[in-house]
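One structure is given below, represented as structure tokens, and several questions about it will come after.
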Amino acid sequence: MSDHGHHDDTPKTYGLIAEFDTPDELLHAAESAYKAGYRTMDAYSPFPIHGLSEAIGFKKTAVSLITLLAGLTGAATGFGMQYIAMVLHYPYDIGGKPFLSWPSFMPITFELTILFGAFGAFLSMFALNGLPRPNHPIFNAKRFERASSDGFFLCIEAEDGQFDMDKTRAFLEAQKPVEVSEVHA
Amino acid sequence: MLLMPLKRILPAPVRAALAVTALAALSGCHPDMWDQPRYEPYKKNEFFQNKMAMRLPVEGTVAYRDARRPWVSTAFETISGGGATAPAATDTAFYTGKQDGQEMATNYFPVSMELLQRGRERFEITCTPCHGYTGEGDGIIVGRGFPQPTTYHIDRLREANDGYFFDVMTNGFGRMYSYAARVAPEDRWAIVAYIRALQHSQNVDLSDPSTEMAQLFDAGLAEQEAAAAAAAASEHHGEGHGDAHGGHGESHDTEHGGSQDGGEAAAAGDAATHAEQH
Amino acid sequence: MAQIFNESANTLVRAGLAGAVIALTVLGGLGTALYRSPITTQVGFSKAQPIPFSHQRHVGGNGIDCRYCHTSVENASSAGIPPTETCMTCHSQILSDQAMFTPLQESWKNDQPLEWTRIYDLPEFAYFNHSVHVAKGVGCTTCHGEIDEMRLTRKVPTLHMAWCLQCHRNPEKFLRPLDKVFDVDWTPPSDQIEQGLQFVAERHIDTAVLDNCSICHR
Amino acid sequence: MLSDTQMSWISKTQSKARMYAVAGLLVTLVVAIIAGAFFGLAPTDDQPLAVGVKEKIFQPLMVAWLFWLGMGICSLAVVMLHHLCGGAWSYTIQRFVEAGSRTIPFFFITGIVIMLPAVYFTDIYPWTNEAYVHQYHIVAEKAAFLNPSTYTIAYFIYFTIWMLFMWLYNGWSKRLDETADDRIIGKMKFWAGPGLVLYVLSVTMAATHFAMSLEPVWFSTIYGAWLISSYALSVVSFSVIVLSYLMNESPIKEKVTTRTFHHLGNFLLGFTIFWSYVSFSQFLLIWNANLPEEIGFYLHREGSSLTVMTVFLCAFHWFVPMMILLIRKNKTSIVTLRKIAYYVFFVRILDLYWNTVPSFPDGHYAVNWTTLFLVITAILGLGGVWVFLFLNELKKRPLLPVNDPRGELMFLKDAHGHA
Amino acid sequence: MASTTTPIPRALETVAPLMAPGHTFESISRDITDVVLERPMPRAWFACLGIGVTLLGMLGASTAYLFWEGLGLWGINNPVGWGFAIVNLVWWIGIGHAGTLISAILLLFNQDWRTAINRSAEAMTLFAVMCAGIFPLLHVGRPWAIFFILPYPNTMALWPQFRSPLLWDVFAISTYFTVSLLFWFTGLVPDLATLRDRSKGISRYFYGIFALGWRGSAKHWFRYEAAYLLLGGMSAPLVVSVHTIVSFDFAVSVIPGWHTTIFPPYFVAGAIYSGFAMVLTILIPVRVLFNMEDFITKRHLDNMAKVMLATGLVVFYGYMTELFYAWYSGNDYERFMMANRIGGPYAWAYWCLLFCNALSPQFLWIKWVRTNTIPLFILTIIVNIGMWLERYVIVVTSLTRDFLPSSWGTYAGTIFDWMAYVGSMGLFITMMCLFIRFLPMITIFEVRIQQDQLNRNEIR
């Protein structure tokens, strides 16, 4: 990207990105970066790599908890809805069964548990990931289109307290990447 | 069903345009539960000349009477010696007030309190607008420009037969239209009885307090005052009418079973209502 | 690699999503509001009639009993719309030369009924019977409102099923003494509920079945 | 073949089992005789079935036999299932279930002592009682299936099937250990399919004969699936328990990763859910239809303490284990998983009680505490014998198949993957 | 990180590999995305689309006429009020189940072979559920008032009947469709990013918007995997519950032949059975047409055929238990129902279904049948027909003759029933064709994982 000019008004730097050929190299580089004290960084790969997010210090997500809560809300909604309708609001004798025919309420309670839970998982995952976000500085990175096919990238961001254009570049070069380049914000 | 509200809001041309669009879009969705292919009372029917779906009964149709007016059936029972619950079509006395071409001198029904009360109720609904509450001919309509009807309290009318009043109600008189369509024959007889009572009440000599009438009048007055006081004390001033319905309902129900079977076609409509009542 | 979308796309997409959710909610809300509003239910609306008949004049002013014209209200499912003859009973004499009565005269002369416009139109899958309501003590004004003050008849209830049910579930709130059914000035007394419950018992009104489907849909 | 630690655990457990066997069976007999003699139920016109000393003895023994029978025959099913679809989870417990399946002859013999006398000499199966059959015309309609002779013949057929496959698979397994002959694997794979088909059919029929016919008016087409899922739960949880004690030594140690427990835990979860699914479906359908010949089953299981038991089963046979097993952490620790397995194994007793004992005339409408006590002691007693025999069989062979190359493939991922 | 290579045991050398050797991450992306982005559609695709659109048109026409004329066009009558509509509903819903099963249950069971087929199977689920939805919608007679079945505070102060299995169906099927859609879309996002990055011109924007700006961040993948597993974990019981509830439509009643407790698991197995048959019916030609044999290998066909065999046996078990317990019940009506199936006016359907569903899958015991496309394809067609007949037998034999002989009747679908049924296949084919044209039919990122595992010798 730096080839494209704009030297005069020096565009802001988002970070330095290193490209690797294999997932193992990326994983290794990420582990080293974390060990070297870098924190504000991200790794990019065309498929999930086990241990990669842990390597950059990201170990927990609220997705499961939100899903559980959403599912419980769904169960309560399902049962509550049926209770209100069939017991409180319009009780009606059907087949001589009690108004509170809980066995008959189970299927819908179950379905709503799943429905709410699924929305919980789906929405919380994308929301926590900050998606949709069609524009992102990382897309400025050189050859980044390979990140969705066969490229493995590690980007140390300029916001990192330890970030220093030269030192960080040297650090990344030491990880034996295919190439290290600067990403403009 | 969704289209129904639209149907009721929009003027016909807009509706037609919408309907065409909807047809194109949905290939037709008939609000056919809202308007079903049958005729309800007061609906239009292009088939008939006067465009009314409701038809007049065939000439000579005999009305079916139901058991909701206990005094009527009691009376019928008394008259016919039990069993019969509605007069036959040939019973001209009941339907025309005339027997062998002669006006009936007395009421078709034996006079009872129930008959009088029914008569009063019907009189006050139907007759008071012109004849006024006492039959003086000072109803509210008269004040609006309707020619004043004759008062009941003249000798000619005091001396007239009961059948005469019945005939006037049935066929009209002068500017008075026929009420045959609006008031049932037994109700007309009840009104006759009440008119008779009115005539009596407006023509009593109370100058001598020792007469039986004067004493009765005083007693009645006292009773009314007491009743008014009681009414003031409690809101429940229910009169016998409603109770009479409930109380007598059961027995008359069974008695009327036979007549229902007899006049099924005519009864169908009312039978539903009848069933509701009990 | 070059950006496909510029930065504003982020805001745009998110605003679009939020907007879609809000729009759907608002649309749903508006639809519901519209469906329940007088625009759809016609509550409070009167309609053009061949003759601007005024209940205010006839009932309120002249004190004519409901049953003078609506003769079958006690006996049949339909209360009865008076035939031309009933109008003519008085209006053959009163104000008969007024221009507004021309349709009446025409109707009388040609033996053609007057075509009144319906204000209360129940769907045909709902069975309704005036007589049973009257017999059990539901007053005219309970459903038809202050009819004695209406110059032109207008619709008072929504006629929604929910409206029917509020009485069918709790008839005691509305029942009257039987001699007050046609009383246009009747107002519920302070002990209405108590009195109503007594009426429910006296008149054998089975509240357990009153909201069964088949009571109205048969 | 087995390490010293493993051997010492086995012999220690065996001596415990011996103690349980003697104590459990003795207590059962003594208490049953006393209870039968003093608190029996005499037949009446309405209820022609008697509950005397005979019934009191045989009732708990039958329930216990039905409980442990699953350990034998379902082990066999798991053996065949392993050969049919394979998987790391079933590979690690392969030798446990093989040993379990070799106990089927034990059930064959004990069944002749427990089940057949129950048919011939007691009132426990109502269809053996003429007055009862006379009372319920519908039971007479099924007389061709529900009569002592058919029962006996069927009993031998069921066990012939089970023992045949037991003999085949254990023989092959042993020969594979010895010869490493690939053709044996082919045979094992091929016969697993038909074997499982026969297993499912025979267990369905056996469930009808052994358990469903305790309530002969009633029938439910899902009953076979209930018993199969129940047995699977027992076998998987039992295998987890055994695995947890033997896994710290070779050869299992090398093969077992947290991923293996995870799989076993998932199967436990799966069968728990399947059990509840089957039980709830049966209940919902019968409750909704409310037909006279069906609803009796649930009416007999209604009543203060039995209702409590029903709720207990819902909560502790389904909800609690399901919630626990949904949490990943609980499945990746063998210690936790072992606790869960113990728990599931013992809750099974209550389920079996719930499904059988209320069908007895003295078990209707309320928990019969004496019978419950007897069921538990009988299960401990019979279980003592069974566990002893099982461990005896277990130590006869290496704890993992020696020459089964599929083991390697199954463990490729487990060995390399991140748990 | 263990990186030693384990030698493949000799006994396993005969096992067909999960995917063809020699692929790289790039070649995987290229081969799969080229179908969408580069290669012209083969003629067969146009032929299929043509057939699909024609049949869809037929569905539209018959539906329009149905709206105009009313349900009298269909063969439904008294006593058979359900007829084709329910038969088709259950058939399509059943077919849909394979997609979720492959995606969710195989995901939970760690079955690697799901990777190549789950995307198209999930798409099939969505389209099958759409097809299924048509029938109850039309069957209510007034589709424009269909929202009445939803609980919303309405002017009638009325709620739907929550104790009716038909309403459970409404919830089950709509939940199923929604969750399947979420699951499918979630799986698509990373692949849409690949498409975005590989496409040119206007389609970049199209894929770009739907890719939501996916950039393959490790943190994103972390949450993504958690959510994907959760969705799978929820879809698995969901898919079971859906066909269970469909079976409740029948089983909570007291009609002989319907009221059977085995129905829930037996219906679920039947659903999976027909679903796998349909997946195979689609994939066998598609893998050849679009040169996907590298990814959808004989091993996949073999495994799917095995699942068919297993579920076919469960279904067979269901038939046998029905048969036995009808007798064992001792109940005259149950026994008559069975006799009527075997020898009544619809016996032809019963025997056909036994042939199609119980007998013919027994050929799947033979490996040659499982791994040869032509016999396998023929078998899947037979099973699809058989599963339709199964529902036909259940609905029609039980309804035409239940308790009272005076109320017995007969039933046959009319030309409009057939038009709607065949037309719904048109919808299915059309949607399938469009899906193949515009979206990657194989989950690319999961094939990359698979390739990665192959590279490490973790799987074979």
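We call the chains A, B, C, D and E, going by the order they appear; numbering starts again at 1 in every chain.
In the analysis below, a contact is a pair of C-beta atoms (placed from the backbone, for glycine too) under 8 Å apart; a residue touches a chain by one contact, two chains touch by 3 or more.
None of these values were measured; they are calculated from a predicted model.
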Using mean Cα positions, find the chain sitting nearest the overall protein centre.
E
Between A-D and B-C, which chain pair shares more contacting C-beta pairs?
B-C
Expressed in whole Å, how far the mean CA point of chain B lies from that of chain D is 82
What is the distance, in whole Å, between the centres of chain C and chain D, each centre taken as the mean of its C-alpha atoms?
68
Counting only Cα atoms for the centres, state how far chain A is from chain E in Å.
30
Chain-centre distance (mean CA atoms) for chain A and chain C, in whole Å, is 58
Going by the contact rule already set, what residues in chain A reach two or more other chains?
90, 95, 97, 104, 132-135, 139, 144-145
Contacts with 2+ other chains: residues of chain D
284, 288, 417
Chain B: which residues touch two or more other chains?
33
Quick one: in the complex, what on chain C touches chain A?
1-10, 13-14, 17, 211-212
In the complex, the residues of chain A that touch chain C are 90, 92, 132-135, 139-145
Interface with chain E, chain C side, in the complex: residues 1, 4-5, 10, 13, 35-36, 158, 160-162, 165-166
Hey, which residues of chain D end up touching chain A in the complex?
280, 283-284, 287-288, 290, 417-418
Inside the complex, what are the residues of chain B that reach chain C?
4-5, 8-9, 33-36, 38, 40-42, 44, 50-52, 66, 68, 124-126, 129, 140-141, 144-147, 175-177, 181-182, 235-239, 241-242, 245-246, 269-270, 272-273, 276-277
